[in-house]
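Input: structures, listed below.
In what follows, subunit A forms one complex with subunit B and a second complex with subunit C.
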Partner chain A sequence: MKILGLIAVILTGGLLLSAVHDFPDWGDTTSPASSYRLSQYYITETIHVTAVPNMVTAVLADFRGYDTMFETVVIFTAGIAIIGVLRRYGPGPKLAAPKETITKEKPDLIITTTCRLLIPIIQIFALYVIAHGHHSPGGGFQGGVIFGASFILLALAKDLQTAQKWVPEKRVLKLAVIGIFIYAGFGLVAMLFGSNFLDYSVLHPIMPATDSIMARSHSMLGVEIGVAFTVTAIMFSIYSNLASHGDLKEGL
Partner chain B sequence: MIDQAPALILLIPFLAAIIVALMGFRFRSLCYPLVLLSMAGSVWASIATLLSVLEGGVIRYHLGGWEPPFGIELRIDGLNALVVVVVSSVSLLAAIYSRRTVLAENGDKISQFYSLFLLLATGLLGMVLTGDAFNLYVLIEIAALTSYALIAMGPKRATLAAYKYVIMGTIGASFYLLGVGYLYIKTGSLNMVDIQEQLVARDLAGSPAIMVSFILITVGVWIKMAFFPLHAWLPNAYCFSPTTSSCILAPLVTKVMVYVMVRMMLTVYGAEYTFAHLDWSRIIVWMAVVAILAGSISALGQTNLRKMLSFLIIAEVGYMVGGVWLAEEMGMVGSIYHIISDAFMTLCVFLFAGIIISKTGKTDLNALDGMFKKMPLTMTGFLAGAFSLIGIPPTAGFFSKWYLIQGGINSGRWEYVVALLISSLINAVLFFRIIEIAHFGVKPAEGHSHHHSDGHDKISEAPLSQLIPLLGTGALLLIIGLYNKDIVAVISDFLSSSNLGGGIR
Partner chain C sequence: MIWAFDLILLVFLVITAIISLRTKDLLSASMIFGVYSFLMCLLWAEMEAVDVAFTEAAVGAGVSAVFLIATVLRTSRRSSD
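Right after this comes the complex of A and B.
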């Protein structure tokens, strides 16, 4: 089997390398990817048609917003799948290997103090990353992961129960669902206004936006917030299910 | 409303999936009706879309209001309008069936199960609808993640089977993504139609990178559809999963991947590039012949009902890949028609297997002992599926084989024709063995004597929620068979617009 695997890897590698000489040069401005009207349009027109200076965000949250909605759904699906496979309600079967008994000491003073100082800063930074995503590098995915990490840090520093007080399982699911609803909601409301799904430009009457271009900018912020809700919730949910073998009682 | 139908096809089950995930905690009994309602809505929207495609030609739905190639579009022509109706109605039938089995198999996780079920339907529908090569990848991810979880939620051995599927499926999806990356490097676009235009405009037929991308995408899709010898994940995954999961996974996942292969070959690369320039049909049809024979012969050795059916899927995938690569119009028609008929016949036999398993608790063929007396209606439904898989007229399976064999004869690929006939014979042997067990009972030599049959032969049919989808599928198989001319007319229309003539030797 190992030999077969090696052969498969060598074949694949050889196949990938065989086409490299056909690639455009590194940084070639005349390469198809950089000279085609697609990227030209994104580079020159993004600011005019969406009023968003960060064109990466504009591409992912507006031009290809449909993809990004489903990327959020991928994360949501991963969370539901992990709950579906791992979660045990009630006393489950005893695990084969007995866990090392961790002596319950008082939480370490240095760790708790550091976390108390650190977690608010992490969360504020996460909010900044989310809110400023359409102007500078950042956005819902990154901010959501940072926000989720703050809860994971809390669970690691104290224990899972403490973190659960802030984000119990039901609230996690609610947050995740709300996030997707925010995203899909922008699309659905656009449909109600008689346009296509996710066409933010028709939303300007119900937004503090002057015209359809600003509506796109504001909507991008909106969907980024939706993404952040889902990512935050699912990050913590995946951690807590994995760390507690699915019973959400004792973490690592 | 009606011009939003293309988007509604997948938005309805998608939103329902999210509501189910949230609501399942408190109102568990509402999950099932909501699933049915949303899938019914999806079927309605897909039929409306099919009708308007038949009337007015290709529909292009620009998401976010951006013109392609800047934004993503749903592009619906004759081919995917047909497939989308199949996907949504198969999901609806599997959803009807799920009423009792989900309670019995995953009683504590109903909301998660149904949420994943609907997301799987969303992913598959999206894959069929989209006109964007990268968007297809995102939806492959959703369909794959949900199927891993739906399989892993089964009893013990399901976890290992799902793990193997995770590894193989991820490799397949990565190959596809790499292929799309190579395409983007050379064309600068992700929209399927636009890629095709760029390939022609930049005269990229001779480019090695394009050839590598073609190989990567094809192999990736083959892994996902379990084309022999890349099939190892499939039998155990479909055999050990919960029966409801196998009822939606087995009919749809492989078939939708065959659709993706056809779409890539005809719309993205173009028939001329695929058949005339690369000219690999000789090798690939031989591979398909091996796949058909290997799948059929492995099925002969199985005593587990669902495992036997899983090997038949591998043979059926061989039919379709071979038919497409015959590089001949009849073969292509046959393959696309077979996507439709095979989805329903696989659904039919897997529904039957699910009913038997939930009724008797046994998974092997001996569980069928005397079933004609106990469950006459269930067996009737099963016969439609079995006859269709064997290829007895007027079921759908007969006509798809008819077109495939015609394609084989027209292109002079006799090895393919022979493989099809041998496989049909093997199917006949397999299903008549089942019918024999169900009619005459298990032979006493096999351990079960016949004396305990007193009072055992009372009619005890499957519950209605399982009987309706089974009989409905059986009826649909006949309808698809009888209306084969109309379906083929739609397929031929699509093929003439995709300029198959340019690629035929």
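Right after this comes the complex of A and C.
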């Protein structure tokens, strides 16, 4: 069986390596991906039609906004599935007790102090990544993960209960749903204004002091905030369920 | 692209990938997997795909390493094969 696996791996690896020759060189301007007129349109027109300098975010949140909306739904579904598999209520059967007993001591003073200083900075950086995602690298996914990681750090440094005070389970689920509602809401409001789903340019009447170009920029910020809500909530809920064996009482 | 930097990154990428597959201790395997993700992030940043590098740093090297370590600590620590 091992030899069969080795043969399969060598065959697949050989095929992949032989296909590497067909790839265009890095930064090749004559490659099909770079010379196709759609790429030209994104590169030259993004700043004019959306007023967003970071064209990665523009493609992600505007031109292909439908894609990103369901990416958020995928993360939400993954989180719900993990809660469905791991979460248990009441004193269930002890599944697999940790082999090495983790010593329960008072949290170390140095660690708690460092985290108390570090967590606000991490959270402000996460908010910056979300809010500045359409001007510099970043966006809802990255910012949401960093924001969720700050709560995970709190749970690791003190205990799960302390982190749960800020994000209890019910609030986590509400935040995750609200995030998707924010994203889909932008699309639905665009439909109410008589345009296509997620066509942000018609939203300028309800946004103060904007024209149809700035409306796309602001709506991108809005949907990134929605993505960040969902990602933050799901990241923390995955951690808390994994670390506490599903009862959300004692973390690592 | 600086070829020397590229070479170092790719060599270490292969080394960390093999080590994280071959290690019996799952805790160190998941830590080395975090190192692999971080090297991957450097590689993305070096190819000027900064958005992807950012995601790789936050998701790959940060949160998924934490998830793996949490799972390892809740199950058995050593791999049987």
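Going forward, the second predicted complex is superposed on the first by the 242 of 252 C-alpha atoms of A that agree within 3 Å, B and C clash if a C-alpha of one lies under 4 Å from a C-alpha of the other, contacts with A are read in each partner's own complex, and residues count from 1 in each chain.
In this text, contacts are C-beta pairs under 8 Å (C-beta built on N, C-alpha and C of every residue); 3 or more make two chains touch, one makes a residue touch a chain.
Because the structure is predicted, anything quoted here is derived from the model rather than measured.
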item: Subunit A as common anchor, with subunit B and subunit C clashing or fitting; value: fit
item: Subunit B versus subunit C as contact partner of A:Ser35, first or second or both or neither; value: first
item: First (subunit B), second (subunit C), both or neither touched by A:Ile110; value: neither
item: Contacts of A:Tyr239 with subunit B and subunit C, given as first, second, both or neither; value: second
item: Touching partner for A:Ser18 - first (subunit B), second (subunit C), both, neither; value: first
item: Subunit B versus subunit C as contact partner of A:Ile3, first or second or both or neither; value: neither
item: First, second, both or neither for A:Tyr66, with subunit B first and subunit C second; value: first
item: Dominant toucher of subunit A (residue count), subunit B or subunit C; value: B
item: Touching partner for A:Leu192 - first (subunit B), second (subunit C), both, neither; value: neither
item: Lowest C-alpha to C-alpha distance for subunit C against subunit B (Å); value: 15
item: Subunit B/subunit C common contact set on subunit A; value: none
item: Subunit A residues within the subunit B interface of the complex; value: 15-16, 18-19, 21-24, 31-39, 41-42, 62-67, 70-71, 73-74, 76-78, 80-85, 87, 89, 170, 173-174, 176-177, 180-181, 184, 187-188, 191, 195-202
item: Residues on subunit A engaged by subunit C in the complex (per definition of touch); value: 26-27, 54, 56-57, 96, 98-100, 102, 129, 137-139, 141-142, 145-146, 148-149, 152, 156, 235, 238-239, 242-243, 245, 252
item: Partner subunit A, residues of subunit B touching it in the complex; value: 4, 7, 11, 14-15, 18-19, 21-22, 25, 61-66, 69-72, 106, 108-109, 112-113, 115-116, 119, 122, 126, 132, 134-135, 138-139, 141-142, 145-146, 148-149, 152-153, 159, 178, 182, 184-190, 198, 202, 207-209, 211-213, 215-216
item: Of subunit C, residues touching subunit A in the complex; value: 1, 47, 50-51, 53-55, 58-59, 62-63, 66-67, 70-71, 73-77
